[in-house]
Amino acid sequence: MGLDTSLPSIRQVQNLIQQAVTIEIKLLTGDILIGRIIWQDSQCMCLMNENSQQMTVWKQAIAYIKAKE
Amino acid sequence: MGLDTSLPSIRQVQNLIQQAVTIEIKLLTGDILIGRIIWQDSQCMCLMNENSQQMTVWKQAIAYIKAKE
Amino acid sequence: MGLDTSLPSIRQVQNLIQQAVTIEIKLLTGDILIGRIIWQDSQCMCLMNENSQQMTVWKQAIAYIKAKE
Amino acid sequence: MGLDTSLPSIRQVQNLIQQAVTIEIKLLTGDILIGRIIWQDSQCMCLMNENSQQMTVWKQAIAYIKAKE
Amino acid sequence: MGLDTSLPSIRQVQNLIQQAVTIEIKLLTGDILIGRIIWQDSQCMCLMNENSQQMTVWKQAIAYIKAKE
Amino acid sequence: MGLDTSLPSIRQVQNLIQQAVTIEIKLLTGDILIGRIIWQDSQCMCLMNENSQQMTVWKQAIAYIKAKE
């Protein structure tokens, strides 16, 4: 199942990847992850966190994302 | 997967966007987000919050929305 | 995706709408919402609460509903 | 979407309905509901609780069910 | 929707059933259930717990399972 | 439903399996599991934990995974 790039939300994440924006991801667990998105697919996003460590985040667990202030 | 505008709930959010209504979004995390919806697609809504910051909210995490009193 | 009115649960909500029954909705967040259902679609229900305010409730967040005692 | 009666879990609930067994339903909210199942469809179960009140329980919110000891 | 026995996870549960292994099921509620799986279908597993009571567990509520140490 | 190896997230887990990397899995329950992934399918991952015990983790319950520091 490829990425549905007709969706604004998918294109927005593509932009965040290209512009290497530092973001906050709020998870349904209450966790807040901070870092840059490296890639996304239909199920996950890969985040490079502030310790330059890669985390594969399942989209099913995401409440919201926003650019870090 | 485009927006199913035959659904009253989709059309209602379209109206909230056009009328720039300030709303409250209650998330499954217990968070309450306040702001105006800028756009929606089948997976997400983009909210401009009270600090004029954009948040991409995953619809999967929404419990309910209502106009801010 | 229209409403599947072959389902007893969909028809039951249609009856609650027509009879303007006051109900309690228990959400997965633990919240209990009280009011009358105004409309439903495959994704949401619109509840008029006791302050005559409309809330769009995502069905994905519902644990159960019952008539208010 | 009718009931898939090829599934043992669907047939088991049909038996609980026919035998009017009093059961416990543990919800993902942590709630435990006690009563008899009156009907089920692909999305919900209707429970008559111990106060003879009907509750429509969304199957999405169920963790497990067992006969009440 | 029959069981997809091409999946290792489905076959693994079939083995646990045949070998009558005592397992722990961790639920998304935080509950830990202990017992033997008697049957499974695409939506549920039936567990015989340590009090020889049958519990129908919805697979949607499962975090993980492991053999009881 | 076989594994969709066109997805980067699926291939990444395949690499973690082949390289026997020790990882942390954060679950929606808040649990953090530590171990090596032995296999995955479309619904689950099998983790060998630090006590050499196998745990079948449902992908529906995963928030994120990362290599153990």
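Before moving on, here are some points about what is shown:
Order of writing sets the labels: A, B, C, D, E and F. Residues in every chain begin at 1.
Please note the rule applied: contacts are C-beta pairs under 8 Å (C-beta built on N, C-alpha and C of every residue); 3 or more make two chains touch, one makes a residue touch a chain.
Chains and their UniProt names: A, B, C, D, E, F = RNA-binding protein hfq.
Note that the structure is a prediction, hence the values are computed from the model and not measured.
Where chain A touches chain F, under half of the residue numbers in use are shared by the two copies, so each contributes mostly different positions.
For this pair, chain C with chain D, the centres built from the Cα atoms lie 19 Å apart. Here the CA centre of chain B is 33 Å from the CA centre of chain F. Inter-chain spacing, taken between the CA centroids of chain B and chain E, is 38 Å. Of all residues in chain E, those that touch two or more other chains are 27-28, 60. Ring order of the chains (start chain C, then chain D) is C, D, E, F, A, B. If you check the complex, the residues on chain A that touch chain F are 1-2, 27-29, 31, 33, 39, 41-44, 46-47, 51, 53-58, 60-61. Partner chain E is touched in their complex by these residues of chain D: 4, 6-10, 12-13, 26-28, 30, 59-60, 62-67, 69.
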